[in-house]
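Each of the next two complexes has subunit A plus one other chain: subunit B in the first, subunit C in the second.
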Partner chain A sequence: MESNMSILIENTDVSLKYAAHYNSVKEVLFRNSAEEMNAHRKKALQDFITQGIPTRKNENYKYTNLQPRFSSEFRYIHEREPAEVDLHAVFRCDVPLLDTHLAFLFNGWFYEDNSKIGELPSGVILDSLENVAHNNPGLIRKYASLAQTEDDPLVALNTAFAKDGYFLYVPENTTVELPVQLINFLQAKESAYVTQRNFIYLEEGAHVKVISCDHTLNLNHYLNNSVTEIFAGPNANLEYYTLQNQHNYTTSLNSVFIHQEKDSKVTTLNSSLHGGLIRNNLKFNMDGENAEAFLYGMAFIDRKQHVDNFTQVIHGKPHCMSNQVYKNVLDDESTGAFTGRIHVVRDAQKTNAFQRNNNILLTDKATMQSKPQLIIDADDVKCSHGATVGQIDEEALFYLRARGIDEAKARLMMMNAFAYEVIQQISIEPLRKRINELVDKRLRGEVARCHDCAYNCEC
Partner chain B sequence: MTDQDKILSEVTQGDYKYGFFSDIETEIIDRGLNEAVIRTISEKKDEPDFMLEFRLDAFRRWQKMKMPDWAYLKIPPIDFQGISYYAAPKKKPELRSLDEVDPELLETFNKLGIPLEEQKHLAGVAVDAVLDSVSVKTTFKEVLAEQGIVFCSFSDAVREHPDLVRKYLGQAVPVADNFFAALNSAVFSDGSFCYIPRGVRCPMELSTYFRINSANTGQFERTLIVADDDSYVSYLEGCTAPMRDENQLHAAVVEIIALNRAEVKYSTVQNWYPGDKNGRGGIYNFVTKRGICRGESSKISWTQVETGSAITWKYPSCILIGNHSVGEFNSVAVTNNHQQADTGSKMIHIGKNTKSTIVSKGISAGKSNNSYRGLVKVMPGAENSRNFSQCDSLLLNDTCGAHTFPYIEVGNKSSIVEHEATTSKIGEDQIFYCNQRGIDTEKAISMIVNGYAKEVLNKLPMEFAVEAQKLLQISLEGSVG
Partner chain C sequence: MLSIKDLFVEVEGMEILKGINLVVKPGEIHAIMGPNGSGKSTLANVLAGKEEYTVTHGEVTYLGEDLLDMAPEERAQKGLFLSFQYPVEIPGVPMVNFLKTAVNEHRRSRGEKELTAGEFLKFMRTKMEMVDMHAQLTNRSVNEGFSGGEKKKNEIFQMALLEPRLAILDETDSGLDIDALKTVAHGVNALRNSGNATIVVTHYQRLLDYIVPDHVHVLYGGKIVKSAGKELAFELEEKGYDWIKKENGE
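Moving on, here comes the complex of A and B:
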């Protein structure tokens, strides 16, 4: 009883700390920020205070303990700061032959000197959210309409603090041939708390591929709380790839909200290759007939890393289709969690919704928690979910060994095949090849540290 | 309106056939719940001190607890002070033969289709009948006693075998396990107790029949089954209640303890009054059932057919402590009209090489909501454990809901856990196929549903399987739109 009480008090304490911080920096938050964004801050803060930093008693955060992460001391970045290094000089994309519209974000802010965006088709906007909010507020009138602050304290906290992030707009019937690549850098002299808010708007018939990569540039502790709102208009087509590659002292909290209209198709693919604590919220709202959603995810983690993927797909209209495949390989003392919810609302007939979560535990100290859920209120539907936790199929292993392949190699082959089901969904060829290589290296244990980072740290 | 719809509406308007009320003189204590009430219950039952302590401990903890709200159920507020916690058929002097049993009471059980006397000779099933939480008749007691089997009402067990009760009571379901278990521990009036001694294979199925009769009462019975080393028992449980406009509360606890190499099969056909088709009345069924496989290679299997109750909140569980122990859960849950069910199982793997299987078949019709909720937890030490879960839901029209909430937690690398769930409606092609062969839609649906549930029904003992199939037919024939 006593320990419960102290958790309760601690929780209030941590939450209060953030509420108090808001009040102390209120002026800074409202300064230079557009009305569209300021309008939401107050309510967001109130919603945050009512909910507090989620504890494990919060059913949605049952398997991820955020308390200690939020208790650390941070420097909060609420204003644009100049980057200490020239990002163009620092950054070398390790995906060869990948030609993209490249933009950087620095500690959650759209980089001032984004000279590598290149020429975008006419009408397409890739800019800082802050700029767009000032210059073209009509484009973000739907701001904060998807990311509901009442439902999630992290979203509330983001909305209260949010000032910048990237903004992408693709007008009617426009196809952006090259992928749009966004590199999110974290670099500060001391531990930092970063807020990033992104917005993607696809008009009818728009077509774009987005690659978002997370990187850390030094070893300080970071807590990154990002929210992305995505609107896919009728018949729009979006492919959204996220690569998470950060060091062990980062906490990466990402909430992505996607609204789909009729005939649209959205594919998301998340690969967590490295990171301290990663929590990905992915919420689809299918609000038009014949919409299609594909959700893929994979994570390869070791040491004491933690990855928690939380998906929710709401089938709001008939004749929609969704498919989810999430795969995790857990090594050392790492912990993984998956929650996937499919909600078919009343009268969303002829829905097809599928979900699968497969996990491999490599050690006895790794743990996996899986929580697939189906909430079905219509009858003419086909819905299924499956979840497995286990090891590599012994029979398949035997099959390979019977053909003269040694055990280590056979295991590696099986693991690669396990991951390949997700990797093959990447439609950008150089990226697919590169990720396949990275995964292979990761599985071989060759890349013990995050990406090809110059710091020879222990993580 | 298509034929199917017509059949659906006819069937869903079908009446609950166990809805009679027997006019039996009953002793009911005043409504309300406080320490004095608990002392009264304990006194009336002439219990030893340890039982009173057990009850009071539970009550004090219950007072600090809140009703759980995590289930996918809409539970109207329950006034726990508006219920009478003790209703018993008026005590008669000890009965020597059935002739002395109140004829009204016998009539009640005849209506239920469990003629005690007949069954004694023909069916070979030992029955312990519980009316309004008090055990009224236990058959076959003597025959069982020859083998050393104890099968009697809980109150008798407390009087005659206090040591056994004291040793095992509260082991599987601790007093403050959850809100309803704590309430039950505080006020339970009777139930069944069963002890199978070492090496004995119980020669017949043991059975308990529960019935709520009086108005404004709750039923809180408690069942405790202990299977000693190398023993085996199959246990059946059935329940009905009269039709009433108000809701009645049923909060039972079942505890099973299986020692080395013992096997316990526990089968339930739950047919409490589900309320009328507008959702008025019906039983609130909040049950805690848990078995502990304490010994190595022990086995506990739960089989349930759930067709009744306005609200069902029930998660029969197995705690697999002994190495090589096995847990099984097989369930068919049918909801119609405004019924709500949130039911499933928990399998906690603690011992090495433990195995568990969960098969759950949900069938929803009317405006009902039917949820599966389950937990499979493999502790780090439970090496080479294995679980397979399958949860299928069948939706019979567009106003009902079927939901699945499994929790899977795995803590070591040598265990394998698999879960799969599907949701769909009855295949129109299957119905068409049957129609083509001259089988009308109603029969076709009945066939398909029965086929769908067969996997579970097959696990029931024969007598029960027949009853369960009939129940399924009553609840569902033709209910496809």
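Moving on, here comes the complex of A and C:
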């Protein structure tokens, strides 16, 4: 109790503002929501109040100060609002040859006119979470059980406010051949606070690839606090690609929780191409033997952008394997952080857990914090971690220049090579090619846009 | 082609080269020999444009221009080639991309049309045969996982692709077995013509059995202390470097 008190004292007006806001919109939050989601709100709010908006004193948020971001004035979107434009008309994903089951999300809500989903295999559901909670509550019985509200105030706040997002269900032994693509748009008339809540449920032996792309459609300020829960049943196989491409006035907070049953394999790959402040929480709970987890990430940031990746892999059962590779290129005055926590619990013998974080700083003003955290309570395990922060290898640069390649081009080749270790893990070929191009553009200092932006800006 | 006049070079405050004079004409092969630490590699690297080397005095003229004023890439584009003593591994940069970029940068600087991927691969294949380069190596990243011999062979392969006017081979023979040595030497000889020149930097005489020099220079203590014909190499092989050291007051 005493520790709670001290946190409460640390708790600032900002946190209290959000608690008060909850009370003022409570009716809206509960209205039209299914019992399965409403049942968690009250506890979630309590958990939020106990923790508050994280300050740097919160060890898990040491490198990202969220207080100023949450202090901004926002309009809070708690109800479905019609999109003012036809999203199909304003946006066309221009990745050539990328054929997907395509769904849009608009300010956190599953778009009403998702006409491009196409034909899914029998039993597969791709729908609004709100709809599924109403019509098929049995499918979301695990809702809010993977994402713990006690451990993270952002998750608590999301759970208190959550109304909608996408829901993807793949039944037993079903393979979805085409990738499922979700495009998350932010577009509001004024600065907006957005809550998105997603759930991916893979039954035993289910296979699916998911691509989730974040875009901003205008220059207003946004704070998006999203939570995604993923359940991978026995022998399930998920590839989960996230592409973050938002403007500099966006705060993008993403918490992804992945529960793995035995023999399952989950690969996540995040590309942060653009954004103001990005914080990605990625928490794996390996709860069955012989599960495999691959966590890849890359970020390319400049100016005053900030990217913070926080991973946690809990090896809860023996004979599991996890591998993390995170790479960042930081230019100008940008700042980055990586925390990689691996927890091998007692009796999780024969664990293999690896982690690597490599960073290139292009200027003296860019900074990177890298913090591995290994907690190993079993004795027969193989674990490794490594972090590097450095400049481009001058010897290699000279080698390229000595073959007639000019300095700028040689530097670009080196940076592309640095990123390629992550890019090559993308198994969807058209996506891999496009991300490779976008990374190349980004490294050239051009704005890497995947579509015709409505804005030409300094963002 | 190349004229070095009274060249003094420092590395991290240490004076390594103390007044080098050397003239290389088209069609010639020069061998630069000398004991370890005499400044041979420094000379090779300073000619290629490595930035840690500070020229404190002297001048170098290459094809009538001030070489020291040029960026490393400009020197390379004008036909100067350094075969590295320790070629660098560059993971993530595919060999083919690297070679194609290098060849096309050369072509661009000469105002020639860049080769397409297809044209380049065809061109590359003819050169691969010349130095007995395996296809599996060109499918990797630059020098990644190459053995010592494969790295050296790769240097000569690049030389074959870039067709330099002045090639500087820095200890190309070190770490090579006799078969690899022959292959490398064969490549170098096949690329010779009356218009280009080669500087062979080596500690041992054995490479010079296969690449026969017109002139042999002994570098010692940062200076060229002896220059003669190819017979000097045999003498060094027989007597070692001690007599040179004695002659120079050690």
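Here, the second predicted complex is superposed on the first by the 443 of 459 C-alpha atoms of A that agree within 3 Å, B and C clash if a C-alpha of one lies under 4 Å from a C-alpha of the other, contacts with A are read in each partner's own complex, and residues count from 1 in each chain.
What we mean here is this: a contact is a pair of C-beta atoms (placed from the backbone, for glycine too) under 8 Å apart; a residue touches a chain by one contact, two chains touch by 3 or more.
Since this is a predicted model, take the numbers as computed values, not measurements.
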Subunit B versus subunit C as contact partner of A:P68, first or second or both or neither: neither
Broader residue contact with subunit A after superposition on the shared chain, subunit B or subunit C: B
Which of subunit B and subunit C A:I375 touches, first, second, both or neither: first
First, second, both or neither for A:G118, with subunit B first and subunit C second: neither
Which superposed partner A:D347 touches (first subunit B, second subunit C, both, neither): first
Contacts of A:C383 with subunit B and subunit C, given as first, second, both or neither: first
Overlapping contact positions on subunit A, where the subunit C interface meets the subunit B interface: none
In the complex with subunit A, residue positions of subunit C that touch it: 48-51, 71-73, 75-77, 82, 84, 87-93, 97-98, 101-102, 105-106, 109, 141-142, 158, 162
Footprint of subunit A on subunit B - complex, ascending: 70, 72, 380, 383, 393, 395-425, 481
Subunit A to subunit C touching residues, read off their complex: 393, 395-396, 398-407, 409-410, 413-414, 416-421
Subunit A to subunit B touching residues, read off their complex: 59, 346-347, 349, 359, 361-391
